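Only one structure is covered here, and it is reproduced in the block below.
All chains are identified by letter, namely A, B, C, D, E and F, in their written order; residue positions are counted from 1 within each chain.
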């Protein structure tokens, strides 16, 4: 949320249409493909608008490093990375504070649906590579990760999908794109479980009244359904 | 010992008084408090003039990392750090060559009084955080460390206290403050054992004749007594 | 191969003589000395022209780090380093991409002659310190390494020596010196085994026709003989 | 030191009836806020919440602005677990906690535009103030995020910008006025333990918790930052309830911050 | 995952008769080259050789030239094994492979003067274009060097330099023309398995190989870079044979690159 | 390689009667000092004390002065244990020894104002000479501090500043005069083994020692630096005795340095 808003991004909503023509409660186009990394145990490629992410799962397998083993359950290791060419300014390779934090919240967003106790002392490696970034990278990655885990045959009590609710020009909107994220007022990534719509990830930066927060949660609950559909369709297509 | 001495620090001694009003053989005001870090096994807070240090002891406990275990005795792990806001220019977090060296000499300054052989294969972690730095940080930290070790109940054959002898305007003086350290001629931190006044740490930079060195050692022996008193008083007060 | 060639280095060959007076197929003066690092199991010092290298071998000995152990054979650990004062611009201490790559190709250049299978689960440490660099540092280091391994008594099926073939002013030349390397057209370091002249290292940057490449290999085969002689003479001298 | 399994089960089973220290579910421990504790820092604060203690210090430097915001100063919040605070910090996961703590507090200050960074510009495109807020954990008995957040804003509110000499060097012993602070964000963190919502969790309670939710509120009662942590899910109702608690509790804490800052100025 | 000893022996013993996938010894797997796959990059390519897949992207920045070449831009090629590609990358040696891959591809582009760095100078001694080619390994089934080399040159051939605004900032959404590319170097890698020369080795074949030799050829059939890897020795004849194969195979690959680039421009 | 317990006890029990190599307690091993050994360095020296061998080299760069000393050059002394010198250097504690060695030698040169840093200023606030002294341990048989200290000052005494071209670049093949050296500090290290004071300890003796004390003396017999190391305490008398030895022995060593430097200049 920069303070210098370029002229062309001062009006982000006009006649209830957003700059890319979407309605306020409309997701960007979604495309999910399963099995894109042959050497992995599970994998998925996802495009949500211009955000493109590759996800691979390796495991369950021997846990490494060994001092991190949990004798009671599998450990989910998550590594989120923006590839160097995924944004306007080149991203230096290697972990950053931001990528470490996202790896952690992504892990928490997925752990509660995986039956980790079925694989004591093992490790499941989840790699999230952002190929192209145009807002919503962590939400997009989580949506793909859940599909890749299913593709790897890892037992889960439900799928997890994620999107963002934002505030732009004082209005709530679903699934922000790049300029909306950069020049809007509020961004709230949120992840939910398919079976009960409980929340496994929620972060917010910006400004929300109590009422706006409540409405946002309701909007998310509705908006997220097409993502669950897309996840299921992609898995179905793969197994056909 | 910078070469550009500001006008106001050219005369560091006037009528046998130092810029802060002390006599040549006078320590700065000392304040020691025991038990300031509840979660540690032993801890002490110390102020000597404007230098403020927090010290905590964890252990004796399982030694980590394991390849550093000594089967015959406990290993004393010392970590000295200047907190980022402790000096005029912010200190970047993380170890430096300077802090690593001070950690080592501090360890040597304390090891000889601790009955480490009573805890074979264990580790004692000693953390020294410089909250505010105004000369004499290593000496001040050592004085506090000895108190924190006693508070942790670790058996020792005596206390260790430390101060500095310096040369300013060609005269020997005890316990240099910031400007005296920066614009004086010589700085010699020294640590002694309470029972026999033997020396466990001595470093010197600057210029000493043979005679000055001898006199310095004598001055240190005398000047250090109030520190031992303050250490004992702090421990006594805690246990009252 | 920089693009701005200083005037004095535009003509690198005149009347079939190179700037240091050598003929095209002539090596720089070679000097090898054995046993220069008393605390090592094997060591050698080498000068080829102005390039000076110290090599030490420690082992065969317990392998460290332990997770790299190979139960069937010894592991050869190679560490190539340019000392900070070895070039015009100071080299920062610590490994770089370049030094890591050279360590690897050097290991491959030597492994095939060593009977590593005679020392299962052990390690052989090979340290290559470039004291002064004037082109050909990796070739020079390999020539010395082979001698140091022999001095350490490690069984080998032959010696390995290395030199470079280059193209300067459109002519092929042996064992490039600094300016020839910097302002020539092509540089090809090559290592061979004394017994069969098979090739254990070959790298090339620049420009070669098919014919030039073939001729280069032939030139290398001939040029390298004096290096094998110098290696043997140094070892003989040591044991006399 | 990690909780024993038995203690863990005991806390979880009894949390609905009573907390270890008999607080009510939404009750904070005593909070004390001291200012001006480090003479070398441009601003500083010590915050205690029960046995949890942190020190926050503000330092300033002159630096170059980022190319894409040439007329804005830079603010960075950094938290470090000192080894003082706990012997477990060495071995692994806590480093991740440290990064999360740091990021949450940093975003809470930066994204909420608490500091008017445009006023930190000295010479457009060339020189701006860089403001560092460093937080050290001295004793860890849970709820570090709230303690760190309170410490950061208090240290900023009491901080002064050093004078700049005519030759461009910084005169560290004279000052030119306060930092341009626009609001007082206050984080309030609650957790879910065995389906009971508990505010200001101790270290033991945190280790027993299923999910954690931090909600930061500004003076007009709006929310400016939120962060869910912990492996378990939360329902919509639980989140709304925790957000309500944050609105309520943040008022008291903000009042305490203002009192501490006012005392400092006198 | 490392090959079992039995599989290893099987491949080695049979390699002279037939390869796992029945290719002839000098035969490449199918190569597909796509361009323009990353909108944010100044140039990009996806290369597949059989199941091996890499993505290459070009990014540019304005920077200061090196003091000893004040009128030359800078080009850097960097390869990273993403954890996507294989679970083994964590534990040790592969890091060394990653460095070698990176160095070989980097040298292949830089030392062959593929990019005319003098044309990347904006203001002598002050400002030059820095061109970064980043290569990510998405799936690893052997012959990464050839895939990465093809990806790097293809991404460079399709890359455009961003416009520079009058105030010196970079306008990332407008472009000013292609990069100054002078030639199309193509690496072709063969290996020696049990004394048989095999081109475009799969991952399993690579693990069975004794020595590896990469030969990079430019359009006039000359060689511009070579690199021998692997612990075993090669004879002069083997090297000459592999260099011949490289000359031959590189022509087909160069044609495929040109086709992909031409399609991109339409 | 660490000493066996038996050897250790033998050395300790017999040290009062005789040293391994029959030297007297205060006797140095043979010292040889060579200069000008590295053509690429601005100054260099090889120092051997018995089997201990170090190489020191001086390199210079033009850099920006520190903001708080705009008219002073910078001097940095760095020591590295090359893996050449001993196989034990990998595993742990020696890194700490390496840091201490480096710091002691660095302080010995810098704090004693051996180099007149004001004369290294090229353009106030903008450009100064940065002088790096790098020391490599080639063979370690004890007393590294003295060897490194002797090497550092000898390399500095023989070093020359490169010429600066009119366009501000450094001309590395021409020189403009010596470094501004004001004095010749010489460190002499003794240790305490089973209550006997021993000077110039071998590696084995060092491993048997209880405490170590380095005293650096300048030409007028004054002390300019001291450093106690080792876990045991020293009495006042022991320190004074070791300081006396240093005064005496440093004279011989300083004479040897001067001879080596004089020979270099011829």
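Annotations
Following the convention adopted for this analysis, a residue touches a chain if its C-beta (ideal position, glycine included) is under 8 Å from a C-beta of that chain, and two chains touch if they have at least 3 such contacts.
Everything quoted here is computed from the prediction, not taken from an experiment.
Hopping across touching chains, the smallest step count from subunit A to subunit B is 2. Fewest steps needed to get from subunit B to subunit E, stepping only to touching chains, is 3.
Taking the mean Cα position of each chain as its centre, F sits at the greatest distance from subunit A. Computed centre separation for the pair subunit D/subunit F is 48 angstrom, with centres defined by C-alpha atoms. Each chain gets one centre point, the mean of its Cα atoms, and the points for subunit B and subunit D are 32 Å apart.
Taking each chain's centre as the average of its CA atoms, subunit B and subunit C sit 51 Å apart.
Annotation for subunit D: residues 91 touch two or more other chains.
The set of subunit A residues touching two or more other chains is empty. A ring topology is adopted by the chain contact network, closed into one cycle in which each chain touches exactly two others.
Beginning the circuit at subunit C and passing next to subunit E, one meets the chains as C, E, A, D, B, F, using touch as defined. The part of subunit B that touches subunit F in the complex is made up of residues 1-4, 67-68, 97-98, 100-101, 104-105, 107-108, 111-112, 188, 193, 196-210, 213-214, 217, 221. The touching residues of subunit D, when paired with subunit B in their complex, are 38-41, 44, 51, 53, 55, 57-59, 61, 78, 80, 82-87, 90-91, 132, 134, 136, 138-141, 172.
Taken together, the subunit F residues at the contact with subunit B in this complex read 68-69, 71-72, 91-93, 96, 99-100, 102-103, 107, 111-113, 117-118, 213, 218, 221-236, 239-240, 243-244, 247.
Across the complex, subunit A meets subunit E through its residues 37-40, 43, 50, 52, 54-56, 58-59, 61, 64, 79, 81, 83-90, 93, 125, 127, 129, 131-134.
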